[in-house]
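Below, subunit A partners subunit B and then partners subunit C, in two separate complexes.
Let's turn to the complex of A and B:
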């Protein structure tokens, strides 16, 4: 019994770290451009399909194909910035956020046109056998994903909080007008945000999809990861780790113990319930900035 | 702006929605054309018109919530679903007349929307938009997990046809008139709401909620009211949807539908009731065009395949949203206003 509990908790925590990784793409875009990216899930799907295209469809070896997919994802991010957001600098943030809603629809269409609605096999990047320690069973992809998430979170937090470039981007997240008047290029910051966001989403796709099947419906993870981002507070990258573990453990335990009682799906709706409660108690999340508003 | 030479000399003239004879005439012709539509076009187009009218009600509600009060609402489809299920249950179980179930569905959806709007007490801006996504998930979860005998679970629920004095409103044409009457009432109501005290409060909150609070507007109550009103419209639309399809299922009300509704107000123009109607018409018409032309296109260009229809619709719609935001963020209505100001002033430049 107790070993089951530990098992569920550990697996939940690792799944939570995967959510944190997906949410990281979202937070990075917010942190460098003040834009809520509603199309996060579509970026993950796009990243997944780029890898499928390189490795399965083109038949490149994984060691070449996957890095190439990351480069392509970065290019897509840059294209998104060039086509849409470069023209909106100086407009309201509201318009930019609305454009991401447009992107959500557009990217889904593009994926469907380019890759079709069929279910595709995703390359097996991480070994399929779970890691067995005593009676604990840990899926290898989630374990590696967890390690990658922690490394990425540490690296990005250092970048945004300690380096000069990162701090100028932080200024963009505070206020576009002020950043512009301080001589900071909002355009470059947004471009960087989208490139990094797309690359992180592709990384999330590797961890999430390794050895599974892929079609456009995989984008649902984008919304599943939202509670993690909100719980951490949208400005905090390090906080994502803690928030991811909290949400993941609660979801894992709920799926294991509550689902049989009520007939399923509690695990998928509970993160949103947690999110609502936390937002009501602490609107800025656990580690978000508390900003002072002026008229 | 009034045409040259029209001045309000009495308060009632200043309050009037329609200010000139020509406007009355244009409205009368437009309504007569709508009423005569079933005589002019075939049943297929009437079915499309029904969907347009129902969407119009839902989107006008969204316009009040998002366009006037500035609260991004990604749960409009869920609110519509609550209305549809309420209508289905009331009509099936209690046998109430549609004259009662349609308003009651609106009230039920308004209650659901109000609960999520209340979170405005603590949450602001786009965080609030995310709680409306939660509304979408809660709705799906509730329908699928409540006992199957209540809402039908994943099987959906059937709806008996609406009847008025023993006459069954089941054909497309009779449904058209039902939808038309409801739409006219709701749109008229929307014009009333947006120029009332509440509407002005909505606009003040949209423009700057801190400033609005300083001027004495209860910001939280205003935001919650905006959700209440928007959800009421969605509920009424949902009830009509239930009567039209005579079957409701949870898949009819997805997050994607909510995104479609938002696309309509962006294309039509934020902050204008007429803009919402134009947006509905344009988007639904193009959607219908793609759906009907798609199979022929797929047949003549075989390598594209049949799936291309759905996909190209997404590409078109997403592109349209982005293009409008970049090129004409104020929507088609703004363009029309420029044209109107131009011909009223003609031949003078200003």
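Let's turn to the complex of A and C:
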């Protein structure tokens, strides 16, 4: 039925926008430091647990607990930069990337020690009842997530392209030494990127986990968002929206029509396959920056 | 001379008053002392026998997808071994040393740890956790001569004769089929029960379970009809689209044998759709655990869990009494639930098989091969496992007992965790 097709496509697009929101964490950190953060999924888990801690464990009202969790996430981002990355300014990008892999393992351990391995109920932030329009049924959390993702993308695009801080972060990503010679504080830019990355991950956790369960396995969303980040190109905030919709719609339709035929999770694999194909043709992704070097 | 006399004085036994005994009298006392010691030894053989120690390795997941259940499952099986050492092994002159190894529910991790486990513990038995242990060690165990005792139901890919992997329960497909058969009888009518399956490709075991149920449906079209098998992530984002397909297909039960996150996502999807379709889970993702993950047991109202072992209800059963003993005497901190019971059952049938082997072969020079041989020679009775398991009579035909298997079913009614059915016959399921 055509209405089913439309429904699968819409839900897929909204799911893709959630991936885009998670992928924004990748992009923000990459734009400021050229570091691909492998621990992005763990930051989502951490953001989720901070909210669970504030709202469920401490019993704070959501209107207080969730903003507090965002503040704490920002503090965590700042700590990550101060402890691990402040000393690496001017070092190779490879060293920083290796640190993010170590961070992945460390954050998982911290979450296990601090919050335990138990599956926790996540607060119901968005209504559980879907939005029903005729035959269409749209999950409310994904709908709100889509709206938040678009708003975040617009805000971040403006920030990176129109504000002094945003532009200095771009300069930092280009070359630490050159940025330093121009009087730009590289440490401050990278710290701001990590704070922003952690806050965006916490926002992603709200949309992803609202009304569901939470344990450290939620970090897998980080890898699910990977095709979106790579497809968009790791520098483009606006490109994430389109890449998210492409990946989400492909995944949604494949899950609906190919999974029953094949008897497997084609929907989970297909976005990666398409991402690889596009990257073969355009190694910088759809909207990634092309670097032109003059010799 | 005086020094020599002093030396001599010290070498002679003295009476209680300090006087030196004459030599014949001293010999008499020595003989009496020896006789008394011998009498004591005979009266309390356990206390006097030199203890022989054997290793029992425990494969665990404290940092992977089942980390949440390990404090219950893992701790209860450890405590069962402590209980056995103190109350049974001491009398037999055997101590079972046990140690946990974190495999993260990862076959590669199990495979890489295995050589170290063998050299460190020289185990005569291994307690496994799940499918990855089976996948990693299935080919190696015959050469190593060490049996792997599981707590879970069996797997289709490990359903082979002459196995070194032992399951006290039939396959998950058997257990699910028994539950579906019971649900069909409860519903009445001759139409097959329409079933949906929600699984994941994250583990070969999950796929295996789905394939087993599909095989049963294929061979028994009058019993169940699988509307669709849906594969999702282990932490699904949103599966309302997929669940909607199942609801439209008229499913009367949804089988989820993966994890609690999948149960929660399915329940949320059903709630969003306003559909009331019972979910059927297994022991590792059962109703109390899923209820806790979704925010309340009452949200699991009308759902079921089904498995081939005892149910951890509040009723006064031998299993419950044994749990209370472990809690009181051996500091078992795990709560009384299906996961604790699962660990208890695993520990119990393992130590009982080892106990039978000791009685048959003696406490000395026990090997994994002798333990396995005894497993086939002598059944483990339900009384020996305090009712946590039915009587288990293993044959080399399969890794699990092929006859006399029963399934118990629990449900939530009025927000309470209750036994819905006991001793439900397990139907025959062909290999897949």
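Assume the second predicted complex is superposed on the first by the 292 of 295 C-alpha atoms of A that agree within 3 Å, B and C clash if a C-alpha of one lies under 4 Å from a C-alpha of the other, contacts with A are read in each partner's own complex, and residues count from 1 in each chain.
Following the convention adopted for this analysis, contacts are C-beta pairs under 8 Å (C-beta built on N, C-alpha and C of every residue); 3 or more make two chains touch, one makes a residue touch a chain.
Only a predicted model underlies this, so the values are computations on that prediction, with no experimental measurement involved.
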| item | value |
| --- | --- |
| Clash or fit (per the criteria above) of subunit B with subunit C on subunit A | clash |
| First, second, both or neither for A:221, with subunit B first and subunit C second | second |
| Which of subunit B and subunit C A:108 touches, first, second, both or neither | both |
| Which of subunit B and subunit C A:117 touches, first, second, both or neither | both |
| Which of subunit B and subunit C A:268 touches, first, second, both or neither | both |
| Contacts of A:256 with subunit B and subunit C, given as first, second, both or neither | second |
| Those residues of subunit A which subunit B touches in one complex and subunit C touches in the other | 108-109, 112, 116-117, 263-265, 268 |
| Residues of subunit C defined as touching subunit A within the complex | 62-63, 65, 67-68, 70-71, 200-201, 228-235, 237-238, 240-242, 244-245, 260-261, 264-265, 268, 271-273, 289, 292-295 |
| Complex contacts: residues of subunit B adjacent to subunit A | 70, 72, 74, 119, 121-124, 126-127, 129-131, 133-134, 137-138, 141, 144-145, 208, 210-211, 214, 255-256, 259, 262-263, 266, 305, 307-308, 310-322, 325-326, 329 |
| Complex contacts: residues of subunit A adjacent to subunit C | 7-8, 11, 15, 18, 108-109, 112, 116-121, 128-130, 137, 139, 141-142, 208, 211-213, 215-218, 220-221, 224, 252, 255-256, 259-260, 263-265, 268 |
| Interface residues, subunit A side, partner subunit B - complex | 36, 38, 83-84, 87-88, 91, 94-95, 97-99, 101-110, 112-113, 116-117, 223, 226, 230, 262-265, 268-269, 272-273, 275-276, 279-281, 283, 293-295 |
